[in-house]
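Look at the two complexes coming up: chain A is in both, with chain B in one and chain C in the other.
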Partner chain A sequence: MRTKLRQNTTGLLFLLPALTLFAVFVVYPIVYNIQASTLEWDGVNPGTFIGLDNYVRLFQDPTFLITLRNSAYWIPLTIVPQALIGLLLALALNRGIFASTFYRALFFIPAILSPVVVGIVWQRVMDPFNGVFASVGKATGLDWLGGSFLADPDTAIFAVIVVNIWMWTGFSMLFYLAGLQLIDTSVLEAARIDGANSFQTTWRITFPLLKSTHLSLLLLGIIGSLKTFELVYVLTQGGPAHASEMLPTYAFQQAFQLQSVGYASTISVVLIVIAVASSLSMVRVFGAGFISGDEK
Partner chain B sequence: MNRRKTAAIAGVAALGLGLAACAGGGSTGSSGGDENTVTFRSWSPIEQTTQQMVDAFETANPGTTIEATIFNYPEYLVDLQTRASSNTFPDIVGLQPGALTQQYRSNLMPLQDCAASVWGEDWQSKFYPIGIEQARAGNPEGDENFYSLPILVQTVNLWANTELFDAAGATIPTTWDELKATVGQLSGGDYAPFMLPAKDGWLRNAVFLQIVNNVNPGLVYQAESGEDSWTNPDIVTALEYWGKLFTDGIAQEGAIGLDAYPSGANQFEAGNAAMIPLGAWWIQQSDPTKDQSEIPPLSQGMAGFEPFLFPTIPGGADESQFVGGIDVALGISKDAANPDLACKVLTDWIAGEGGQKLVDTMNDVPAVAGLEPSTFTSDKQEAIWNTFVNDWLPQVKYSRYFDDPKVDQAVADALAAVATGAQTPEEAAAAIQAVSDEVNG
Partner chain C sequence: MTTSTRRRSRTPGRWLHAILIPVAAVWMIPVVMVVGLSLMPPSNPTTTFFGILPAQPSFSNYLTVWQQNPILQHLGNSLLIAVPSVVIVIVVGSMAAFALARLRVPLRGLIFGALILALVLPMSGIVVATFKILQAIGLYDSLLGLVLVYSALGLPFAIIIIRTSFLAIPYETYEAAVTDGANAWQIFWQVYFPLARPALAVVVIWQVMMSWNDFLLPLVTLSSTELKPLTLVPLAYRGIFLSQPGALFAILVLISIPVVLVFLLVQRYLVNGLAGAIK
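What follows is the complex of A and B.
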């Protein structure tokens, strides 16, 4: 009994630094946010307890509903194309084509650029007055290229999504390249000897063996989508008329521009609930070891 | 769920609650620190100018130190709120009149005694009237304290590229019909006749306030305070004219997606637009303290630019109205380690040697009358400066701000909705009225 206790104490002591950091940087902000979400509070002066009123107001707020709709667009429309294009690029570069190291770096560069810089550059690229797309459109007769993609409420969110795909596809490519390096080449060799062509080898052997990479990208994609801020803020500021608003941009506006920290905390709590529910659902469906590739 | 799991969850919850140091508590505010050091945080003046002001003060007051940090405006809002909540409020802070000053009022000391001690009992007469009026905007009834004092003021207005105007034989428009005709005259080139960078809510509101005050001067502020309605036909008319900027082809294609800074301003300075709505601060492009060879040709001595007021609206006021107010105000923490030193810095920067450094860069128009740049780089620049300080600023009656941030946002949203066709002017006016009702109780 005493030996077991000593063993447990030693284990707990090893865990203590991590637990302390977890408590201070994860548990504390969450609890603080939950408490703040029950207040009418400007973040500076004393707040007033209003119970669940902020939650009632939130679910009647049309802008909040737009943010949920935009998240529903954003998650599949960024994750799937990024993964698909990233996989194709990784497959091409994994075959040792000429200057593959150069292309690998080239495709990854957007992922390490500041989203602010990317936003400013793409705003100029898509400026329908004298942007790059508009100029190309005029020169080629493809007039639709000069459309007001960022200024039209019907297209603004999709324009931002396209920029996000451009920015993060290199990141997916790098993940897939790492995954491809881990595949045992003898398996692919055996498939070829059995008569499988390139497409069959890729579709039936490589793709399934990259399962843990697909799932990691899916989880990172969902969480990344939910906390998207900089790109939207710089490209559209959530506009026009909130058409491209996301949960974090709306929370920022409420907290720091409209002085409603209590309401912004309510948005943040909902954001946490969605993120945790998504992550737990994935663990439930695919098993706790899905990222490492271990079985359930 | 077994007992061990229950205990673990309860433990985490208890830990969290224990750690949660009460959201919603008021800040007690404590600047603390060294008595010979003053901390200053703001989004304006720009960093290089602030450094010149700091150097001027420290040279004149040996042994004192000013620790200044300048942010972008959104970052500054986050920083200020965080510092107010963590008792690390700076000694001197940059503020905007109205909502921002009122949010931090409990952290700020009244400044009228400081002002009177340096400038005498009639200190208010040094300032432009609009600056004094706006400095107390939003104070509770009966509270006549000044929690901030203006350092820079401005008008919001239009600017013309005179080279493009001259080349097209066009003249500055003074009425709406002339504006439409001028845009037609300037069309067809490789520049925008009227560049409207309407992505920014502040710019949409500034343009709208010029239009609505030209339709019915002062009405919009009565609507804001609840004395009149946002659905008043004159406000709806103003919203219609705002919409016409987009539907009548006055603004460039995609205007609602273009930001003022950096995109709109860069394009205007590069000669890609004949007109743009900005404000008096545009004169800073011709900063006399800069290496003039680094300044774009149009901006050198304001060679290619000229300010003018938003044209009159049919059926509205006979003359264009002056809209503007405080650009930046300064406040002092009520817990400043050395309030006297903070007062000395603040008054120096507003009207002393520090203020002179600020004015020398033409960052904007000084809040006090009588301060002039040490040098002008052209007669045209001097003439424009004199127009602002002698002719326009003394006449500014109407604020470029709304007092409540929720109303400000509601107007910005409504203008975006009208611009994109998502709402009619009547629907937009009703949407603002709904928010106004909520704010005014």
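What follows is the complex of A and C.
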């Protein structure tokens, strides 16, 4: 009995620092958000309790609909190309070709750069006067390349999505390289001896065996999409006229530019609920093994 | 037979390079451009080669940046945020991972639930609350506040990844150490911690990427200019940079050099470390 108690205490002592940080900076902010979401509050003076009015307002807010629409674009349009290009690169680099470490580093570099760096340089790449697209357009006669994609409400969100794909494809590549390492090569060898060509082995054997990698990237992609703040903030600030607004940029604007802290907290609560609900449903459908690393 | 095998192993390499080289070259355009434009002097802000390179390269921007902004101070702030948060996440995270992998822990399920909640929690979703909490505990406008928030947000990923690599160490190792009379701390620190190196490399790069690159939290929780990290310099001095685009890009290069260096240092562990995590 006493040993059990002591064992429990040791385990808890090891966990204590992590749990303390969690409680103060993860759990408490969530509770705080929920409470603040019921207030009409400027963040400075005492707030007034208004119940669920902020939520009613949010569901009638046209900008909220835009953020949902943009997330609906963002999730598939970033996850699929990033995974596809990342997988192709990983398959190419996994063959042990010359300079594969060098290629790997090159493609991963965008992911380690700060969104400030990526955002500012891509503003320049897409600049209609000095940009790369515009220069290429001028040289080839494709004048549409000189459009101001970030300033046009019809294209702004897609322009930001392109930048996101550029930034995070190397990350998917690294995940797939890691996943490919775990595949037992004897299976592939056996298939090859049975006469399967490399397209068949890749599509029929490698691709299904990468299931946990696909799922990890899908989950990280969905969470990442919902979290997106920095790139949008630097590239378009959510504009023009909310056209590229995402939930986090909208919450930021409400809290720190319009001083509606209560309403911003409401947006944050909805954001957290969507993020948690979509992740939990993924865990439910696919099993938690791919997150916790437990044996399936 | 031999010729066909040889052809098989050689030709893919060649056509792969034929595809990879142009793809990599196009992919690198924005990176080359950051460096290229940082060499574009204010006296001649014209570019060549599709706007990627300056017409007349010069190092004058780096001199300007050095003289005009207290760049060392901002660099120091970035280091004072990133380094402690990496250390905290590594130590606190692997302690927690060890407990969850090898020790008896009450309420495991609840703790795992909290981990996954924290993993999916968007920083942008709690930034308003964090701002208020830091104010309440007297850590508003302080680097320590940022360190603690980044550590808390980095922990779930660290714990999950390190725990997986601890689980990969045979249980007999643990039992043998217990039989030898080692206590839990000794087993953790002398046996398990050193063996988790590839996972720790992943955690280091992940945490550096979060704490060094982020600008949302500093933007919201720091008001004194002299505390601002490097990533806020382009935003804080936006007005000055309008007339000096070259200097702006020089700052971007300075922001990027340290992360790229860390990446090059740990990159040989990365793939193995990630492989351990998604197994």
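We take it that the second predicted complex is superposed on the first by the 267 of 296 C-alpha atoms of A that agree within 3 Å, B and C clash if a C-alpha of one lies under 4 Å from a C-alpha of the other, contacts with A are read in each partner's own complex, and residues count from 1 in each chain.
As a convention for this text, a residue touches a chain if its C-beta (ideal position, glycine included) is under 8 Å from a C-beta of that chain, and two chains touch if they have at least 3 such contacts.
In this text the structure is predicted, and so the values were computed from the model without any measurement.
Annotation for the three-chain superposition on chain A: chain B and chain C clash. Of the two partner chains, neither chain B nor chain C is touched by A:Ser172. Once chain A of one complex is fitted onto chain A of the other, the partner contacts of A:Gln237 are limited to chain B, with no touch recorded for chain C. Contacts of A:Asn54 after superposition on the shared chain: neither chain B nor chain C is touched.
By the document's definition of touching, of the two partners only chain B reaches A:Val44; chain C does not.
Taking chain B and chain C in turn and counting the residues of chain A each one touches, the greater count comes from C. When the shared chain is aligned, chain C comes close enough to touch A:Arg95, but chain B does not.
When the shared chain is aligned, chain B comes close enough to touch A:Gly146, but chain C does not. In the superposition on chain A, contact of A:Pro128 is made with chain B only, not with chain C. Residue contacts after overlaying the shared chain place A:Ile120 against chain B and chain C alike. Of the two partner chains placed around the shared chain by superposition, chain B and chain C are both touched by A:Val24.
Only one of the stretches 78-86, 132-140 or 366-374 belonging to chain B overlaps chain C in the superposed arrangement, and that stretch is 78-86.
Comparing which residues of chain A touch chain B with which touch chain C, the overlap comprises 24, 27-28, 30, 32-33, 36, 43, 120, 124, 127, 130, 252, 255-256, 261, 265.
Partner chain A is touched in their complex by these residues of chain B: 12, 15-17, 19-27, 74, 77-78, 81, 84-85, 99, 103-104, 106-107, 190, 192, 195, 199-201, 252-259, 262-263, 267, 272, 405-406, 409, 413, 416-417, 419-420, 422-423. For chain A in complex with chain C, the residues that touch the partner chain are 4, 7-8, 10-12, 14-15, 17-19, 21-22, 24-30, 32-33, 36, 43, 89, 92, 95, 97-98, 101, 103-118, 120-122, 124-125, 127, 130-132, 134-136, 139, 166, 174-175, 177-179, 181-182, 212-213, 216, 223, 226-230, 233, 247-249, 251-252, 255-256, 261, 264-265, 268-269, 271-272, 275-276, 279-280, 283, 288, 290-293.
Put simply, chain A touches chain B in their complex at residues 23-24, 27-28, 30-33, 35-36, 39, 41-49, 120, 123-124, 126-130, 146, 148-153, 156, 236-237, 239-243, 252-253, 255-259, 261-262, 265.
Residue ranges of chain C in contact with chain A, taken from their complex: 12-13, 16-17, 19-20, 24, 27-31, 33-34, 37, 47, 50-52, 92-93, 95-96, 98-100, 103-106, 111-112, 114, 116-130, 132-133, 148-149, 151-153, 155, 159-160, 163-164, 167, 184, 188, 205, 208-209, 212-216, 220, 231, 234-235, 245, 248-249, 252, 255-256, 259-260, 263-264, 267-268, 270-275, 277-279.
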